[in-house]
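Here's a structure for you.
Naming follows writing order (A, B, C and D), and every chain is counted from residue 1.
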């Protein structure tokens, strides 16, 4: 907003502004683009702007965002005028005018940038550049809200194409999955081959306007009953017949584009993949996840709070810390302590909430999709990363096709978290160990 | 808007309302969809709504639109309240509140309907149902504006896929072109074969979310110099080598989906096709159209105005009318009269304007894309339809790759229409024929 | 064979030879090709020969074949010499020499012609040109035997690609089926659409070296129980769910390339299609044909033999002839006569044999594939063609997946024709109608 | 041949025969297959035989080959009888009989095995098993000749499909190239990526009946002028525009299937690739190879013959040997010695022949295709393998599109090897270094 509101720190702008006739040049192009009537030259303008943008260094990009934010923000004077007129006479014309001044011109600017061939792609990367700047330049949150609003339309799940990924997929696509697997990292193409063999595969969403990258993907393994260890699944190399299996484990889900964070597509992906597997592989009847518990170890070690201290002696607590500080020799943890940690993990997942939702984002994601907490496994992920984040514990969520809509609804409307008998038992066990 | 504004005629609603618990049921689903937090059940709700919608008859569809329009329109009381608060204190929070109340909930409702698999397709057909109702229920224009706003995002040219269409294209796709060619109609598949042979082809845009239909297509023929007759082009069957040709004639462009009218994609299509041909067929250097002049005959016959009466005697005028009323025996028109009609056609194309743009929509389209008027041909389209609408005259616009941006700009900024020397000569000829 | 054997009528050759330096030129190229050691120039030579061949008129083609046949035939003197040497000393070297002289050079010539890009295609058309000449120039049968020998290798079913054909198939492919359906003719593309809708489809074999044509195709309809009328199947337009059906009717099978006649692929095609349908559509359990009885009417009318005269009075026989000569008003045939005709048809199919196989080629084909005669239908094909060739009777053969290998074996080893109880009853009914 | 000729060592057969009822079982199946009239049961029989074959161990496979060879070999008594009859009366019928007995039944047996789905693939692997046995069981050469004869028909270049291979090719295909590059070995998928970037690519032939493997492939790099070092080409990572390049370097060509050795396809592959590049990349005008000289170092070091001793002193010769025995420190070779080695390499390539063709197989291959020797490079391949086989020397052959047919012809008809002026100079330099 231009008039009254000091939206951004002038210094941050000016410091980069001094160098930048280029920024001014881009700004002029943007103003021309927004004001332009013709659509054909719109393409040329949009193309120029996005080309210029990509040549900017990080600092200049910040200046660019601040400029855009300021110059195309809703104008307070205009809004005030239109609001007054509407209050006097609430007719349609006055409403439309107010509507126009309230929206400002940032969204229209981005919409028109998207006319460039390959525009969507650059805009996604643009948001990837924008996000880390918001911490220091919080006024840019407004700009991000505009992009989120547009991206929700543009990356509608109906526009996405689901592809099954296996060892016959193009190498150039496979390397994207290697680059973007953040939980159970993949070293190289030989390593990814192991995840695409012996009845393991990936499913990925692609967008027609993003040529070079998958949007999001999930890693899948078919199993007889529930698979309890990520390492076992990944390294499995016995040749089996698919018909021996009855279950599908989702053991990793990752986004590929930073610029699409908060454009939630994971829930759609899982639902589509379940639909597809039900049709393609009728013998697969059960759908589970083997999910990490990021943040659990940190929570356990940093919060010597009521939960923990009521269950565990300070001596035992220290023994855990020592394990944690000494290369995670998890075998040194006694069985008694193990069962307390499992109980604490159940508490962490189910009772520790922020804004009425589980503080653990993975739990929040799967429960929000309609899954329930089915089990908690010790030694589920014995990689360094797994031990570090959750003592190697993994959680097994189940997607029950018959009940997932019901669970989803009660989660959102009543905040109810559904858990299995097994997890109830873990949660209710009496286990003071001192 | 709910409070003061009598947006719709209550009678029209009530009459169908009486029958309709189904409408009420859909309305409830819509309200649930808009208010819902969870996205998973959003898909189910959206799917149900669109399924129900498709079962409605025409009358109930009208009721559905009126209900939607009314119930999710911006609320005047809310807007007024938020406007007053903003006028007192123009901070961001108050702006956001005002923004939400001003937008109302119709767009968000449609956005959420689009979460259903196949949703975009149904929404396009929904708009196809809506458009003819607006004449009698003008309040539905508001609803249409919301759809236009959304469709401009969703049918961004960057999301479209260009396909070359030839005789090796699926028969199921070819029949769509037959159904949608409105200018130079195609009888059947044998007839379309003639348009896809001997260096003729189509180019069409497809959208990833619209499986069943092309969006828009253009018919193309390669020629040596300018092709002057649509019939000659269509019926051409001499086998030539592509290398003998230097020009590309666009001789027909058609939309396939009523529900996408006013979502202008024709300009993008032509530009993309030109780009593609330049790369694929380097010997093709010139790009022309052979375009109809719909409305010219009507204008000529109905407007015995200054232009016409200054140029032509009443006797001659009658002779034209007689030809027109007697099965278009165009050969009966004398050469003298012919040249007057050509001159009048040039006047009609270039000087007769509405809102500063040519009244002739085809002219307005190509000039708006950056083409210029290169020539006007007698006997360009000798089909009944061609004779009826323009005495068989066709117009030749040229897309000059070097200058089209310049022409486009001067057309939009200064209203300037660029014409060739040849057309200038036609326009300036002294030709009173009495 | 050159020396002694008067393989061809010298006159027929000389008459066309006089005109033909071109033939001599091609012959030289052929001799060069056969003698050549280098493979690279082999491609050029082969290409030249095939290009030249295609420019020949029908008469010159005959001369070409006669020349080839004569010049590359096994040489009697060489064979005799090598045979004598072998008889003296039967070692490997002498066997190899005899083998070379016995084979002659025609096969190697054709093998080398096939090095040209697109060579296989031209050679298939070449055989298409050759076949009709054999009647008048029987010595060319030898040449044909060589081509058959080679084509059996080249058109091995393992090299063919099965494609499902439906309304989404390329129009350019669909028109090939129209051109090649010889039994139940297809008028145009609108007509073929009827055969590719409502759970009807085609399956076709393609060969990688024949770009432009399918090799052979079968027309398929899914039905509830046995479909008894071709017209009903073709014109069926009720929309059903595939799951309502349990049977697959093969109602037409056609070759597309004359040049591949006697390279039997129909049996492989049917077996592959059955395999595919069993996997793709598990609810389809039974596989039947609805097959014509070409030649039956002719046999019935022309052979007033023991079968017929024992069963039918001369008066009745005349009444059939009259129907036959008067536009096939089949309704005029009395029920009594009908049942006699059906019985005669069963006799014709099962008892009338040539070289221990049914004289009826369709019967011989399906029985040879392992099918059995399941039923015989009056009014199975009421088209003019159907009435003319078999009074509209069609035969229903069944492919029983469990037993077809057994039936196939007993057909070939013992000449046994398996028939159903129903057909047995038709065959055994006492029905003298006089 | 059964009667007189002791084709194989009975011991070798009997030793494995003792264990083998399985072999006997397969033999029975083979006899049934060859004698069978029906084609449908032919498929089943062929499938059974190939399935059984694949379960055999190496020893039993040898027994299988010996059995086949013996049992389906031409029968001496039959041949003798038919030969005698033919000598008495050389008519066509007697020729045909002789022809049948001369051919024996092995080819027909293999032809019928090929009716099994996937049969060609198994037969290729079968020949891969057969080849190494021939050294110890030379009688199997006969069997191999039959397979070669059939494979030449089945793997006709007209049946092969050319594919361009790049980083967007399926990973499962790329790993086949890694496994089969025998000259400039590829470590893993990261390593192959380097060969498919920056205007490098592969071209491969695939056969429709061999699903799992490419048949043969060539590695290609585009360059400005001639690339003189394989390592430079492979490791090149400057990003250039293709338009800067004018030349195409073929720097490696490899077969993938042992079972297809001696079915020469490399010449067709190179010719097709050249044709394709000429069309796709009109700026590429020159086609070269960068080829190894396998055997040169061995020849040089082992043959202290006239060539060498006339050019080089024994002392120098020893200095070369020393370098060779001491980890190939090529830099220790003096410039004088270098130029002698280059001259010796030219002599080796051009003058050292076996059966009138260059003893060096790479030279023989490219010269046979119509290339000429254009240059010889020191440091062309500095890998251990390159140094070991040819002191790192590589040869540059050129394919001159205008002249290759002429060179090919004179190579084959007159044994003429075409060389450039540069190579002539190397060959003619006076360079005694002692």
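We adopt the following convention: a residue touches a chain if its C-beta (ideal position, glycine included) is under 8 Å from a C-beta of that chain, and two chains touch if they have at least 3 such contacts.
Note that the structure is a prediction, hence the values are computed from the model and not measured.
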- What is the minimum number of touch steps required to go from chain B to chain D? 2
- Query: In whole angstrom, what separates the CA-based centres of chain C and chain D?
  - Reply: 40
- Message: Distance between chain A and chain C based on Cα centroids, please, to the nearest Å.
- Response: 62
- Roughly how far is chain A from chain D, going centre to centre by Cα mean, in whole Å? 53
- Note on the structure: Two or more other chains are touched by the chain D residues none
- Query: Which chains are in touch, pair by pair?
  - Reply: A-B, A-D, B-C, C-D
- Within the complex, chain D is touched by chain C residues 1, 3-5, 36-41, 43-44, 74, 76, 79-80, 83-84, 86-87, 90-92, 95, 98-99, 102-103, 111, 114-120, 142, 150, 152-154, 156-159, 161, 208-209, 264, 267-268, 271, 368-370, 404-405, 408-409, 411-412
- Query: How about chain B: which of its residues touch chain C in the complex?
  - Reply: 167-174, 188-190, 192-193
